[in-house]
């Protein structure tokens, strides 16, 4: 995992389908910090995360990832390589078993982590062999958490990571985020719920 | 100066409102002269008789079909690379015009083919077939614009399609040289100068210029409408923001 | 490279899971090839003449009917986001997907074509050309198809529009491919073959880039 | 009744939104009809003979390519749950969807068929039979297609498998339809017509029930 | 709205893909009551709701809806006609505008309620004209709430209705459920969060 010292968002403006969603967003998150992104439905939390990840081009403004090694990354495609992502959907292939999905993620990220161990950690060991089509909403979300771990990226961008998770799952998610930041990672979490973590809060107001 | 002036849709609207009446007038005058000259003041061809007059409709239409597509592909490239907002508008507005000219070329060509080749249509003739494909590429391009309702995304997708489809254009033009076709080889745009008789060449050139102005006029009109529609749309969307 | 292979095998595996994979494609080709004589009539000589055309059209159909598996499924379940954020760049990912698509729809046809040729009464001397033309040309179908699929990603269920975009673009392959087989039957040169090869090389080389561009512009949504 | 009409108009509207609706279908038919001669060759007399077959195949293709719009899209976005819990029973809902599918894929072909017949050099005396056979037979394509689509609902992106299920079932319509046109050209009776009508009536009558059963089976998931 | 006096679940057993999910479930909810269905991920909450709605056949056991008029409904297809549903997905057509979607729902249910008023109530009035494709997760969920209102059914079965909703949305959802039950309706809500309502709680244990 490359080491990141700061995520800096400067004068970020977002337009979708020709509509301005938000403008002149400014914040910075340092290594080891969690930041929650809050705001009303439609305020642009998911859009902001997509922009930071490099999935969506911004209308104007900058996103810079300052690396511990000294240089800064601001190109979208390069940001993408530093991002661990958990969106509204989990990128799980219904026809593959839970384990096949996890093995694919591991191979894709070139992860050197033990896949069975990760599945155990997110509580999917018992059902590793069943087709993912049969997963309940929360089980699928847990597979998303497994992918996040396997991706081994310094910047985590999580879009409502707690949704569908049961109480134990929520604790697990919070724990994972906490550990990630303790290891020097950064997490930006869009959520309407409390994470149960010591986090900076950023409000996206209506425009 | 020109580019920056045009980059602003509002300036473009002002400019095109002053220019478009002139293009319209030029189109009417040139097409009037061209039609009169080609229909009544040219001799019948010694081989083709009166049916040669179809040429004055067919050849400019065929050229416009190809020319407009090239323009569209160029505009698409500009739109993709330089994100010039008017480039997308121009490409989108040009497509139905290009499709219409291409359809006209196909129609007049096959009407001409009946007396000349004894058939309306010849499958397997490279020029005819590639021209038909060009029409379908136009239709696909238009359909793609219509199918995506986010104009930003639609513009990019359509631009990629226009560039990919551009491969057909040289095939159409060179098909007569590459394959043995019914269709005659280039007689005007060729190395070594035109081989066509002056009596036909001059009115034909007038028609071609006339068609071009007709196209420009319609293009400006369509671009104006498109810009206004986009404005209306963004007003509507802004209300929801 | 490991990521490329992982994506490739995943996509092949998914094609198999979605009902039989290669054997499904084979069944489809057999079906189409046996339906055509109904439409055209039972004239064996005629059938032999158009065999190349029929197989080429079957290949185009199989490609069209399975195109939405290429990117759309991944778009809807979020996998395309995952791919866009993976170490693999989108061009390489598209290439892996195109290759997987070809392996599950083009390759079975190439392998099966001698049998289908027999079924359609193809003259003996044209078999080589049939197999070679399909082997050379079918990758172009997957490649061009991928471009269309990527561009229409955000159009949900755009089956017809996809066809309208892709068919004109692949017509050259159909024409050259079918003529290559005819040429072999009538000993009329190898022009079509060369054009087919040129078209296919160009299409295959271009397609990962064009489809990656298509994916990129849609993945923002 | 109001719910039926609401669903019908919604599905038609969706077909239009997914890129042009009827004009898209029209472009597609023109495209396929002009592609087939590539495969078959340029002989005009032959072309006229098989014009009926070609148009029937185009209809089958348009149906196949748009089948996944019928139930699959609704399945994935949860609309099928909504429909299953609506006052409309699933049989009526299926009927509305089949009708909408026919209006957006079958009907444009029927209306366009005279023009396409001209393009394909169909002899004058066969136009009546062409239009009538398409008008009678295309509803069967939508009906049988709906059954296949409902049964393969849980197979994601089962384009080929759907084709493999549906094609054999609609072959009778293709055969009878094409022969009805041939019969009119050669004055060889009206047997095919009667068979076509019988097949179509049976298919249309059966399909809402069979596809509702298929939907019910899958909606539990 | 037909009036329901009791929902009774008796010895309900659920199997999915040949695996037993839960067995011998028993509970009853009376008119005017809210019941939350809780339990770990994969416990079978969504499955139970699907069975009650008549979407999924049970392996054994009964679900009976006792009507105020005296008779009882136990057939799945008839239960379906009495159910207002909010699942994980919202049944929103992406290509239609928000308003078109709502009008379709109204026509489908033969609702005699003012559609514009309902959209206003769930906070979608301002964006009624935009394609639903452009909705944020919470906005889509709000459209689901609008459908629920338009369906005008006595029994509400809600699967994690709060997910993706912002604070105001959560209040709105709770309010709607409360009003529904005050009008004599019944609501069964599968959730991992607290509704902020006075509700009976039922735990689905692991098997």
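So that you can tell them apart, the chains are marked A, B, C, D and E in the order they are listed, and the count of residues begins at 1 in each.
Criterion: contacts are C-beta pairs under 8 Å (C-beta built on N, C-alpha and C of every residue); 3 or more make two chains touch, one makes a residue touch a chain.
Computed from a prediction, not measured in an experiment: that's the story for all the values here.
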| item | value |
| --- | --- |
| For subunit B, the least number of touch steps when starting out from subunit A | 1 |
| Of D-E and B-D, whichever chain pair has more C-beta contact pairs | D-E |
| Remotest chain, subunit A as reference, centres from CA atoms | B |
| Mean-CA-position distance for subunit D and subunit B (Å) | 35 |
| Length of the line joining the C-alpha centres of subunit C and subunit E, rounded to whole Å | 45 |
| Whole-Å separation of chain centres (CA-atom averages), subunit A against subunit E | 30 |
| Approximate Å spacing (C-alpha centroids) for the pair subunit B, subunit C | 32 |
| Multi-partner residues of subunit A (each touching 2 or more other chains) | 16-17, 19, 88, 94-95 |
| Residue numbers of subunit D (touch at least two other chains) | 17-20, 24, 27, 31, 38, 41, 76, 156, 221 |
| Shared-contact residues (touching 2 or more other chains) in subunit B | 129, 136, 139-140, 143-144, 147, 149-150, 153, 237, 240 |
| Complex contact set, residues of subunit B against subunit E | 149-150, 236-237, 239-240 |
| Partner subunit C, residues of subunit B touching it in the complex | 129, 133, 136-137, 139-140, 143-144, 147-148, 150, 153, 156-157, 160-161, 163-165, 167-168, 171 |
| Contacting residues of subunit B [partner subunit A, same complex] | 149-153, 230, 233-234, 237-238, 240-241 |
| Contact set on subunit A toward subunit B in their complex | 15-21, 207 |
| Contact footprint of subunit A on subunit E as seen in their complex | 16-17, 19, 39-43, 46, 88, 123, 127, 134-139, 141-142, 160, 163-170, 192-193 |
